[in-house]
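What follows is a set of structures for review.
Each of the two complexes below includes subunit A, the first together with subunit B, the second together with subunit C.
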Partner chain A sequence: MVNAAKVLQDLRASAERKPDVVVRLGKPLVESGAVKKLDADAWLVYEQVAIAALEVGDDTLAHRCIEALEAKFPGSARVRRLQGMQLEAVGRLEDAGEIYKAILREDETNVLAAKRQVMLLRTMGLPAEAIGALVKYLDINYTDFEGWLQLADFYLEELMNTFVFLDQLLAAFLRYAQAAFCMEEVIMLQPQNHVFHLKYAEILYSQDSIGLALKQFCRVVELCKDHVRGLYGIKLCTSRLLKAAPSRNPAATSQEDLKAIDLLATERLLAVYGSGNAAASVKTTSAKWIESA
Partner chain B sequence: MAVQQAPSYLGRLACVLGFLFLFHSGYSTFEHLSYLKAVDGHESGLPLDITIELIMSVALFGLGIVMVADDFKEILMETEMAKQSIESLDARPSFYAFDHRGRAVFRNVVLKN
Partner chain C sequence: MGAWTVIQERQAMLLDPAIRDWVLLPIMVVMILVGVVRHHITVLLNGTPKKADLKSARETKGLQRGAVLRAYGSHLPEHAFEARKAYITDAFEKGTYLKDPKGGNKPKGNVMQDPAYVEGMMDGMKKNMMNIVPQTVIMGWINFFFSGFVLIKLPFPLTIRFKSMLQRGIETQDMDVTWVSSLSWYFLNLFGLQSVFTLLLGSGHAADAMRDMQAMSTMGMGAATNPQMGPTGQPQDMHKIFLSEKENIELTEHEWGLENVEIRLLVKYGKLPRSILEDQKKAKAVGNASSSSSSSAASSHVASSTSPSQATMAAAAAAASASKKKGRRQA
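Take a look at the complex of A and B:
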């Protein structure tokens, strides 16, 4: 029991999305009433389990948790938001929207309800409206990196959902530029997180600004030593740049530097794959592939 | 990435011995002072052997602590970040949506330990 509570706490802190684990651990806690022994943490566990239960479709468990929270905190905006999420999960989107609207009418600055409204629009199948709402939200709460991340995701999602014809190429480029802009904002707010740099680098690569992408992939490896995805990104960029004609731009990385970077990335990748306890055949195959790439 | 290293028995021994000697020197001081009180002596300061025992025991105790203590933890942000998974670094809990496969996949699955 103590262990389950500890794992749930760790999951709350890391914000990892593992609803199945949360329900598996949290369901016995809630059903046996042992959760009450956690004192102040109990209400956080109820909230956590409620959201996880909605995600895995265990509506009765979610209902139970939300009722317990409602009894403890009647009329609280946070609990009403959970009730809205419950309605969202079962598909009663309009009713959920009413709840969020009511919360925002009482308190305009309730960011959680505003974010739910954005996701509600997306669930309704109105991506353009969702983007509009999120842009409006970010206009006010521009230090919310989660919001910027979500906006970048919206732009990228839109690219995935539409076929890109030749006449839409420009629009596609614009979408990548917009997503890249969002990632720049995120990096300004959270410069120490290498995953954001990685995302930015990958968007730049898709945008075909390989030179800049290379620099960003290098930043990823700088922030997180031997980051394999970053190293592969470097190799992708250097091989593209080495194949292309040497750039006349004096600011661009020189051919010798590119070759040196490529060599270093290959060396690190081989070292990373060589150090693990994978089978020898796996090691030789991956080594061959890395060297040929 | 703190690998639990084997406990240093020599260090533990040094700690125990150092503590015993420290305790003994303290006790000797007490004995010495009560002796002085009994004979009404006016001697100030401690005898040399107690002082030496005290200093040696502190040195031994310190050495033991250094040997027993675990490796230092990195204070670099980088190592802390490298430990976390991409799912937790890229998580957006306030933007969850429920129109995903989770509700269909887990609906009839009993999640048990």
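Take a look at the complex of A and C:
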């Protein structure tokens, strides 16, 4: 029991999203009442288990946790937000929205409620409103890099949902530019995370600024050695750039460097796939593609 | 022989057990009880925390925006950095992020008429009173009734330098350092009961002697809790802060971290010798020093490997960009 509490505490500290683990460990704690022995931590565990239970769809467990919290902290904004999430889980979106609105009326700086409202709008199928709300939120809570990441996803999602006709191409490019802007903010706030660099590189590639994308892909591989997706990105960019006429821009990568980088990426990819961990079919297909490109 | 008798006499000094029962223990018990009572009174007085204001949050976060750009802007490509720089300097100049964008530059009237300020000050005063009054009273009590008392003998030897710490209030030259005076016992308790309070009240308690010291040194009118208050407790002119931040941003030159990332990557995998990076650094330093052309990081590499015409073109373009930058600086 002590160990379960410790694991839950570690998960809270690292903010990892492992609802299945939390429910597996937390359910016996809550149901046996052993959670009460944790004193002040008990309420944090209740909250954590409640959110995880909503995520995995265990509504009775969530209800139990939230009731315990409601009894201890009646009228608290944090508990009411959980109740809102519970309503969201059973599909009563309007009621949930009312709760969030009420919380924000009392305390307009409540970050949790503001975030829930954004996601609620998205669930309701109002992406434009969700984007508007998130932009307003980020204007104030500038340093929330996860918010910027979500905004980039919103823009990209909108691209996927709308079929791009020729006359919408301009709008599509605008969306990519907006997503790229969001990723730039994320990179400034979290410059050491190669995943964000990768996402930015892929957006740049879609925007057709191959030279920049190549540099970003190189950055990914620099930060995370033998990152396969980064290496493939380098291959894609170099093959495009080598086929095109040599750039006249002095800041662009020189042909020699392009060839060297291309060679390096090929070599690393073959080495990664040849290391014995990959299946034979994957090996041959990837080798074929790498050599043809 | 004489010295020997002195030591003998010292060790022969006996304390009345009544001192232990009526002075030593009461001081400790009183201090613990006062600490507990103080904790509860502080909790009562604190009441509900002040509600944060959306606009002031935006103001502080807006400033951060500039700081982040200055510190981490090198991770962005040139066009992205310049766009942000232009936007932020403009916004800071106009005071877009200020609580009150229009009246930002006006000097504030009498701060005493600002209810928020007065309330914050009263809050700070209340907290200070809670901290200082009980300690003063206890110290007065000890000074009045027990001044000059020797209360306890420490069971371990100490050097002479501890004398001023352990025998405050007794100015004797010859007494052994291990004897502790009443006033020093008070101070030992003041600083030593920390963990006892943590045990009794849980962490984050308000019976903290260290906070007393802080309160005494800053006489903090809630300065720590309110970012808009300066060290003097006066509200600061946020527009001025924004303007100085704007100046800082304008002075920030963009130096893209990915300019030679391909070469760095090749070096990392051992395809190119490490010395090439150092050569580049040197070439760059030379280029900057002569200020004729802030040649791009890769230019030496380019120049060595490409045709002369391309190299000259690169140099010309670099010179053009350098002059552009200079012009911007002058503007």
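In this section, the second predicted complex is superposed on the first by the 252 of 293 C-alpha atoms of A that agree within 3 Å, B and C clash if a C-alpha of one lies under 4 Å from a C-alpha of the other, contacts with A are read in each partner's own complex, and residues count from 1 in each chain.
The working rule: a contact is a pair of C-beta atoms (placed from the backbone, for glycine too) under 8 Å apart; a residue touches a chain by one contact, two chains touch by 3 or more.
Note that the structure is predicted; figures quoted are calculated from it, not measured.
Because the two structures share subunit A, they can be overlaid on it, and in that overlay subunit B and subunit C fit beside each other without clashing. By the touch criterion defined above, A:123 lies against subunit B but remains apart from subunit C after alignment on the C-alpha atoms of chain A. In the superposition on chain A, contact of A:283 is made with neither subunit B nor subunit C. Contacts of A:193 after superposition on the shared chain: subunit B is touched, whereas subunit C is not. In this overlay, which is a superposition and not a single complex, subunit B and subunit C have their closest Cα atoms 14 Å apart. Touched by subunit B in one complex and by subunit C in the other are residues 225 of subunit A.
Within the complex formed with subunit A, the residues of subunit B that make contact are 77-78, 81-82, 84-100, 102-107, 109, 111-113.
On subunit C, the positions that touch subunit A within their shared complex are 51-54, 57-58, 61-62, 64-65, 68-69, 72-73, 75-77, 80, 84, 202, 258-259, 261-266, 268-269, 271-272, 296, 298-299, 301-302, 305-306, 313-314, 317-318.
Residues of subunit A that touch subunit B in their complex: 14-17, 19-20, 23-25, 27-28, 51, 54-58, 85, 88-89, 111-112, 115-116, 118-119, 122-123, 146, 149-150, 192-196, 199, 223-225, 227.
Looking at the complex, you find that subunit A touches subunit C at residues 40, 107-109, 139-143, 180-181, 184, 187-189, 191, 212, 214-216, 218-219, 221-222, 225, 248, 250-251, 253-254, 256-258, 260-261, 263-264, 268.
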